[in-house]
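Two complexes follow with chain A in common, the first pairing it with chain B and the second with chain C.
The block that comes next holds the complex of A and B.
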């Protein structure tokens, strides 16, 4: 594959003069932000719902719209995470950790502003990487076999220990609970049905989306209803909507680091935004200047996951466009859209469809610009939404939770999953168990298990395979450092203090 | 004045009643309103991609909307059951694939292909024998010779234990008389990725999911498991030509709820037959890696009987337990 050809960039320049591209992209982002922000309507679902409407459009216009939807929905997920502590999409789980405390301090507008700017920078960097390094990154991603995925998922799982505010033990209990839920369904390796209790719905396992909506959405509403301060609404300062230069300087390092994490993890098939934002948050907790304040509502805690999840959008497009392999569930749906348009995503797309590939770059750039504008202009109105009386807000959100859970696979069963998770989530919150590790355990557990067992099958039972492969070994070292690093550091400090 | 408006309003509201009554009496014109096309799989999936262009051809042909509805869930069980339980007035049709037949080995509740009326088959999706372009196996004979000398050493990527590509793999293994190491992945995409990255030796994954990489020169197609060679790869032999009696792969076709008027089924069948002769549609399907094969309901029934026999052989003689993908 030719790495560099200017035709790739020049052949599509005329699309810049096509007003329809702008219109399609703008509406895509707008609809995406709204759907992404509604709890229960995930980015994947948004694309799946709107894709049939684009079949009649020219491929370039339809993708301007769809990529707008994609960026918009991933960004929009952060709005509800910040405002009401319900991540609109799984990739915004980490955003709620600092975003919601900020809005409880009356700084919702500021948090949305930071999220907008970080998402914009993350999105922009990922387009640049996609434009200039897509084939190279794709070939690196192919080098990742099951062993390397074991390493990545382990890093993700180790973050559970870090992000649990308060008791680490409670965080781990939640994490294990999530792992246990993830076991239900067909065994990924032998095909044996586990804990399905004779129900067809459980064959594919328990979907993490209704559990997430229940644990976050439903239980948060229950907590608010049961709260004595039910009628008290946090007064929102509508200031700092456009982040001041000082704040931008403060988060710049975080945003750039997180963006690169986002692009790389996004480019790995089967990883995607939710893991990317988590790993970015985890590294902020480890290396960030203000790591001790994370979780209390600081802007770095919003910037890191938001830069990473929007950077992962461009990242996830890399394997889709260059290899025909979707990087996550959203790009899988997008790829279906490409095929229906008669285009074959894959190695030949860059050579045979240069103008189209070029138009994809332009669409992504447009979507980043519109996302920034809509986010900054809209922040004021979004922040005002929480000022809405709770007696109207809570029922409305509950309805969205129910509809969203049903819509994932048009299944009433998922509504029961939602309600049960809501009640379990409520009890766990009252006992101050963290929620995030449950959802993370559910998402990462099956990935870890299948890749772990697959590694051993590929190596014919040789356990050394995990340390014999250099990249895998590197990941394992990171995991060990994350888990035992703090303990050793503590002891080390004690020794020094005693020595003094 | 008020009364007049009210009367007018009542008339306007009542008009559709007469209109639809009129339609019913002129029963000859079928279809005269929206036809629902239920796809038991997701948007952008294999069946979806091929069904939509056929549906839009039918739309043009009949001049009424053919509304495509995706009803995924339970690996096609949910949507297939919905087709079975829909009204058999000719205004609901749906799609079927081998999953509908294999579901009974997989799921506690499952559809039955004998509970629907077959309309026609539109494509076959042939399984393949595919290796990485850098592989030392240049021909199928190379692969077989190595596999016979080193039983269990060749790794074969499939789409999950008991899922379609695993079934093809086991069938191929038994028909070729070799032993391979089956490595399950989450789906076709993940398995193809592993093959591209050189982490496994071969796969039996069907053509649509490997064709782009074969064309780009990253993967090599050693053989195809269809009855005839594929129009896009006239130089690649079929397994049968190479002496391995394995014709395997998926198919997709249209069905209607049980008891749908045979005349209506015939009307749709004929239109699908015309659609499958449409050069643009054929090119689209071939380019996507499918093999367009129009078969009428009788021939389609034979294909399904063969599939049932093959699955039966796999379950009872080879002892495989299925899952769906």
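The block that comes next holds the complex of A and C.
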């Protein structure tokens, strides 16, 4: 594969003579912003619930829609974070730190405007980085063999276990649980059916989409039903959405710095938008010109996390597209959307499906443009939607989950898979086991297993094969560092504190 | 129940499940003399061992915390209304596929939404016309998207 060939960028342009691409992208962003803005509906859940809609569409159109959802939902979370101090999606947590104080001062419109512009710049820069980094990484990844894939998968699972809130052991258990779900179906090597319980539907494994809709959509709704009801009213008037030039100048440095933080963190396996925005906010607190005023409601405090979380979108797509290892739960679900289209992400995608990859770049760019327009024009109306009563929203989403799960392969069996996963997800949430590692484990399971066993077969059962190849050894060292590092640091800090 | 106790129970349950997985995987066919990784039961057994180790770690971690996090868990099953609501939703979800096969997916969706909105509405405030209207509107959207636009073949019910 030729590096940086212009074909990679332009060969998908002809798809965009089809007006449906623009329609799909526009609606994707619109739906994404609305769902992202509604508290309790995360970006991951939005993508999971809408995947069944895309499945009859051509892959390019389906991805124009899904990437629109992705950008829109990550941005939309900021609207409720600013207006009511409840982040619509986890990646907007840091936005409320300064966004809500601004809103209390009657400057909600200004905050949303800054958030829109910062998200746009962040999103735009991340597409540029994606376009240059992805083919480079893909060409390196072409040289990876089974051992390296085992290493990368383990990195992904251990990082997501570490960064999931709460106990790392619980994160790891969730990850292994995901891998166990991946066992069901025909053994890839011997062809023996495992745990199919006499159901033909299970021969090819448990369909990951109904499980994801269950874990993210249904279980979240069950949690909300079992929670105390609350109603939200937004009374603020939204005005002055378009920021004045001097404000833009003021935040430019912050936005660019945070965007790069966002892309890099997004590109790390398993670390997504929420971490990116928190780190960017932390950086602003350390190095920003107005670090002392942060938290009181200044525009830098909105610009930093919002630039970072949208910048992480392009970053998170890098490992998903080039290695087939999703960067976070959102891209794991997006990967599910690719797989049902019959496309396997990984370095070969760049060789064999170049026009499609190119269309992904262009679609992501398009979604950033639509996000900017929809954000600046529509914010007033989205603010009203935040108060939409839960008692109508929950049943509507549940019906979408039910019908959507059926629609993937027209099977009632998938509805049972959905309901069961919803209940399991609910129990795990209540016991504070993280959900993201399960989804990642389930998606990566088959890939991990076949690479793992293939390595051992080729080495005739010699486990040393994983440490004899330098890159594979490097990956395994990273895994150990990720898992043991924080523990050692903690001990080390304790010793220092005692010493002092 | 405290978070601590629930974590210990979770650890024990997971250990039992790992044991079950290990035993069941033992019944899978093996080939004599070849590389172990070739056997069907090898990978499930490996995961079972990892799961067992992790569940022991979870119990140890929880015990070692010595009650510092022994805060009361949100007792969602103790407030009666939340628990009834949860159970009722589950019953509705389980009924959905049966109703769908019997009457068709649009009728099933309409009934599901009507019942759930009615359950979630505070008593005394329910306005039947409004609930039916909203349920009909949502059902119409679902029908247009899945039946007309995506042309999904749903099971033929007695109604639609």
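The definition used in the following text is that the second predicted complex is superposed on the first by the 272 of 500 C-alpha atoms of A that agree within 3 Å, B and C clash if a C-alpha of one lies under 4 Å from a C-alpha of the other, contacts with A are read in each partner's own complex, and residues count from 1 in each chain.
Methods note: a residue touches a chain if its C-beta (ideal position, glycine included) is under 8 Å from a C-beta of that chain, and two chains touch if they have at least 3 such contacts.
As the structure is a prediction and not an experimental result, all values here were calculated from the model.
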| item | value |
| --- | --- |
| Which superposed partner A:306 touches (first chain B, second chain C, both, neither) | neither |
| Contacts of A:143 with chain B and chain C, given as first, second, both or neither | first |
| Which of chain B and chain C A:110 touches, first, second, both or neither | neither |
| First, second, both or neither for A:347, with chain B first and chain C second | first |
| Which superposed partner A:410 touches (first chain B, second chain C, both, neither) | both |
| Partner chain(s) touched by A:460 [first = chain B, second = chain C, both, neither] | both |
| First, second, both or neither for A:180, with chain B first and chain C second | second |
| Touching partner for A:324 - first (chain B), second (chain C), both, neither | first |
| Touching partner for A:220 - first (chain B), second (chain C), both, neither | neither |
| Overlapping contact positions on chain A, where the chain C interface meets the chain B interface | 52, 55, 187, 189-190, 192, 410, 457, 460 |
| List of chain A residues in touch with chain B within their complex | 1, 48, 51-52, 55, 142-146, 186-192, 196, 198-201, 203-204, 269-270, 319, 323-326, 332-337, 339-340, 342, 344-348, 409-411, 450, 454, 457-458, 460 |
| Chain C residues touching chain A - in the complex, by the definition given at the top | 3, 6-7, 10, 14, 21, 24, 28-29, 35-40, 42-44, 47, 50-51, 54-55, 57-58, 61, 73-74, 76, 82-83, 85-86, 89-90, 93-94, 96-97, 100-101, 105, 109, 112-113, 116-117, 120-121, 134-135, 138-139, 142, 145-146, 150-155 |
| Residue numbers on chain B that touch chain A, as the complex places them | 42-45, 48-49, 52-53, 68, 71-75, 77-78, 106-110, 155, 160-163, 166, 181, 183-186, 189-190, 192-194, 196-200, 212-213, 215-216, 218, 284, 287-288, 321-323 |
| Complex interface listing, chain A residues touching chain C | 52-53, 55-56, 167, 169-170, 172-173, 176-177, 179-180, 183, 187, 189-190, 192, 194-195, 218, 221-222, 225-229, 390-392, 394-396, 398-400, 402-404, 406-407, 410, 412, 415-416, 419, 422-423, 430-433, 449, 452-453, 456-457, 460-461 |
